[in-house]
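First chain A sits with chain B, and in the next complex the same chain sits with chain C.
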Partner chain A sequence: MVEKRGVGTNMVHLVLITGIVIVCFPIYLTFVGSTLTHFEVIRPPMPLVPGPHFIENYTRALTSGVHVPVGRMLFNSLVMAMGIAVGKIAISILSAYAIVYFRFPFRMLAFWAIFMTLMLPVEVRIVPTYEVAASLGLLNTYSGLILPLIASATATFLFRQFFLTVPDELLEAARVDGAGPWRFFKDILLPLSVTNIAALFVILFIYGWNQFLWPLLITTKPEMNTIVMGLKQMMPTADDYGNWPVTMAAAMLAVLPPVAVVLFMQRLFVKGLVETEK
Partner chain B sequence: MEKRVTFDHRLLPYLLLTPQLVVTIVFFFWPAAQALYQSLLLPDPFGLSSRFVWLSNFEYLFNDRYYLEAFTTTAVFTFFVTLVSMSMALLFAVLADQVIKGASTYKTLLIWPYAVAPAVAGVMWLFMFQPSIGVLAFYMKAVGVPWNPVLDGTHAMTLVILAAAWKQISYNFLFFLAGLQAIPKSLIEAAAIDGAGKWHRFRTIVFPLLSPTTFFLLVVNVVYAFFETFGIIHTMTAGGPGRSTTILVYKVYSDGFVGQDLGSSAAQSVILMLVVGVLTIIQFRYIERRVHY
Partner chain C sequence: MATISIRDIRKSYGNTEVIHGVSIDVADGEFIVIVGPSGCGKSTLLRMVAGLERITGGTIDIGGRVVNELEPRERDIAMVFQNYALYPHMSVFDNMAYGLKIAGQSKEEIRARVDKAAAMLQLEPYLDRKPRALSGGQRQRVAMGRALVRDPAVFLFDEPLSNLDAKLRVQMRLEIKQLQRSVGTTSLYVTHDQVEAMTLADRLVVMNGGIAEQIDTPMAVYERPATRFVAGFIGSPAMNMLEGTAKGSIFALEGGGRLTFGDAELAETERPVLLGVRPEHLKLAASDEAALELSVTAVETLGADTLAHGSLSGANGAGSALVARLPGSVKVTPGDTLPLAIDARSVHLFDAETGRRV
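On to the complex of A and B.
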């Protein structure tokens, strides 16, 4: 710090606090909305301080919801997010291991085939991907929610970059001691990758949890909806239909798991974010 | 970069690669090829058979007023989302970089919106600004600001831009903050000794040194606004009123799934694939440069 004058510093704090108030306001209002009655919400202006209906609205959201209980949708989201995170990490650590630690024909072809997937987000190829998933009978299944989204190169790249920084001496030493490929992977490479795996897991969990378009297409049964897409269906379209406080309670529940992950695993989150973008 | 020492095994590497390659082929190459193939077909009105029409789907698209409109809409949307979220994030990052007391609290309170799904962000912002129930919409009307995003295209556009920019602030903030902290303090001190004021130092030292970060974020934000904001558009406006917020990705969806115009939707997919390809190449070029920097 160069300047240490009081007035300037106070200004800085003031602007920062204003910024934070603006950034945090949407979630505050959502929270307030989730503690009122439907009548209080649809007769503007709604109060700006929380009301007494917290337990009532959250219980109603979790157990009955609008079309399907939010509890059920949260479970679906959890399965999807975990499936995507674990699946992506598992298939990409194996393929990165193959690409870095083995020499074999078509190695570069495999590398480029995986690399190309980096380019195409699911949003761009939705119609044909939907047709493929439908023809494989994946509609309304957890596999259908998970499998198409684990085809991505980011994680493979991260592991490849990391494996390349692991000293060759480790492999030499392991081979002298008679360790085969599996032994080396399990006892040396995997323990070394723990931090990377954890950081990636945090990012991928949020990515999977927040998917919207794919679940929207692949699930037609309300029982298979995820919370992020199901929220849209819960939104009241007219004043006499639906229930705003219950919808807002569902919105709070929808953001709680990923926000908790970011806040409580902040260091891993930042590490993951910076590394997946490299 | 290659490993000096490797394992010698004939079958094992293929086994290790199989899961990823199977998933990639089934859910990536097959659909992408399908999109390419379908973009050259024109199904008959009953969907019973298709005719090969070469590039006429593309020709039709580029003569389609609505498609060209979607391009303009996407450009406006992307420009403002990037501008608003990056400038807010830069302001917060520059300030947060200066404080000592409470720095980590500020950081924590600014990064959580990253975890909010675009679709949920859309619901939250709609809850504030929806003309009939939104509390902020109520106060805007009370002080005489005309506001009706349900009917007015410009208002709707403003609303989706704000929601999309809000969600992206945390991401930009984190990268700007990291960029600022990487600038050697001695440079700033030297300039201060030479009598350069805060603004002068920012303009001539900090901002230029931050340019790799800025450029990287520019690409990321464009990709975000192009592709990841589908949820925001779908929950808040569904492309309306009157196509005023129909961005390209939304049009692929609405033509393909709602309009059932598969040839056109596939052609649009192919065009977007090209856009992503170009953006990816720009990104990689830049990363090579950053290594030298």
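On to the complex of A and C.
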């Protein structure tokens, strides 16, 4: 590490603090906005200190919102993001396990087929996917929100690469100890993958939480809206009066679950970084 | 406890055969060391016994049961791996208990067996630690403990000491030997280290190029190597090999010159043979009694011994490289010419073409 003294240290801090201020200011402004009244927000200049309406605005957002209560939308988003993250990890770790540890016909073909789908984001296949989801009667359901996004080539690939670094002797030792394929997976491979799972969970949870286009298509009933969609709908449009404090409160609430996930999973990351030895 | 009977075992990868029919009979409680250079198929052989490699041909029989098609867990074996292969996320206790847990033993039984093995291996203070908090030697002990608690019919060791430093290796070597003596479990041990092989084995299997060159006790392998390869592989420094033909008590060297063995008769052959003599069987002698003269080019002093490297010179013809192991008290410097005598009884003759002992 480069060590600086005196003016150097101050410069470093100055740059870092400037960066933090630039990143955090909009979030702070949103928070301030969520504690004022509607008229205080829209009348320039907008105040830079929080007002007294914090509890009032947040209660209103959670219970009634603009169209749907934000609580309901948060719940929908949580179900979708958890479903996507858990589902993706479960499916991809199992398929990576199959590809790395089992010899079956067309194994490499299967791997490359999975790998190729990396190149197809949701947007490209959205019309046929909608068609399929609609025919299966998945519109306005949680399954409809989750299932089409649940396969993950990236995660499969990551797990495959990780499994390839696990020494063969561990598998052999487990076989000699009498572990079958399922026990080896459960007792050895899964505990060793915890760090990878934690990292992927964070990424995939945020990916799921931020989905916009797919929920927009698959849900038509307001009570199935996700928070990200909901935020867009809460923004005042041309002929709409809107309610800025409630919208901003909703935005603040929408940020909390991903932040919580990152903070909670961070401990696992650090643990994983310390325990590098396999 | 069990006997192992390996019958004409073969292994092919695709069209390449790497083990060409090896047969070994192991008695109950015997310690067999399989030794050979890298790539000779010794590890493959062990892994076939373990059930980690499929058997292409022949049969393996453990305790009177042909195990060719059995999974490792059904063979009643335990294996110690070169890199220990400890489960990194489990404590020492759990590492040792894992096999028993799978076998469905009761908690008390597992506790008792692991404690017993830990006591034998002096691992009691470390039972709660993770493998990464242990030193190399301790990890090695855990790996052995894992094999020990299962109380299997056969122990399989795959170069278990090669990741340890020299001092620890000597210590663990003794411990393994004592351990095996005390539990009396039939063992197969693979190594490329001839000292390990000689010191541990009840019987040695010297492998080269996928065949077993010689199967015998360490002393018999040392004293009567069956082939030229075995002669060169066992013993350090390697046995000196001189090409020529033997007749009566005279050995005519290929490059001209001759060695005489006084009144001793060499096996009489007219065809080309290799004469092998170990460095430690060359003795300093008075000039008129010497069988050969060594012109010294390099000297290695080991304390107890002095190794004189050089080549034949004088009346014996020149060229062939030779090493002599002399007592440490002898002062030798490069450039010296040493008169050396060979005891005819310590001379080995090998067929120059087949490499077999004559």
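The criterion applied here is as follows: the second predicted complex is superposed on the first by the 253 of 278 C-alpha atoms of A that agree within 3 Å, B and C clash if a C-alpha of one lies under 4 Å from a C-alpha of the other, contacts with A are read in each partner's own complex, and residues count from 1 in each chain.
Going forward, a residue touches a chain if its C-beta (ideal position, glycine included) is under 8 Å from a C-beta of that chain, and two chains touch if they have at least 3 such contacts.
This one's a predicted model, so the numbers in the text were calculated from it and none came from an experiment.
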item	value
Touching partner for A:M248 - first (chain B), second (chain C), both, neither	first
Contacts of A:R183 with chain B and chain C, given as first, second, both or neither	second
Contacts of A:H13 with chain B and chain C, given as first, second, both or neither	first
Most chain A residues touched (candidates chain B, chain C)	B
Which of chain B and chain C A:I206 touches, first, second, both or neither	first
First (chain B), second (chain C), both or neither touched by A:M108	neither
First, second, both or neither for A:A98, with chain B first and chain C second	first
Which superposed partner A:A134 touches (first chain B, second chain C, both, neither)	neither
Which superposed partner A:E172 touches (first chain B, second chain C, both, neither)	both
First, second, both or neither for A:P191, with chain B first and chain C second	second
Chain B and chain C footprints on chain A, overlapping residues	172, 175, 277-278
Residues of chain A touching chain B in the complex	1-3, 9, 12-13, 15-16, 19-20, 23-27, 29-30, 33, 41-42, 44-46, 48, 90-92, 94-95, 97-104, 107, 110, 113-114, 116-121, 123-133, 136, 147-148, 150-151, 156, 164, 168, 171-172, 175, 180-181, 184, 206, 209-213, 216-217, 228-229, 231-232, 235, 239, 244, 247-248, 251, 254-255, 258-259, 261-263, 266, 269-270, 273-274, 277-278
Residue ranges of chain A touching chain C (in the complex, touch as defined)	167, 169-170, 172-179, 183, 187-188, 191-192, 275, 277-278
Of all residues in chain B, those that touch chain A in their complex	1, 3-10, 12-14, 16-17, 19-21, 23-32, 34-35, 38, 88, 91-92, 95-96, 98-100, 102, 106, 108-121, 123-128, 132-135, 137-139, 166, 169, 171, 174-175, 178, 188-189, 192, 198, 216, 220, 227-228, 230-231, 234-235, 249, 252-253, 256-257, 262, 265-266, 269, 272-273, 276-277, 280, 287
Of chain C, residues touching chain A in the complex	50-52, 71-73, 77-79, 81-89, 98-99, 102-103, 132, 146, 150
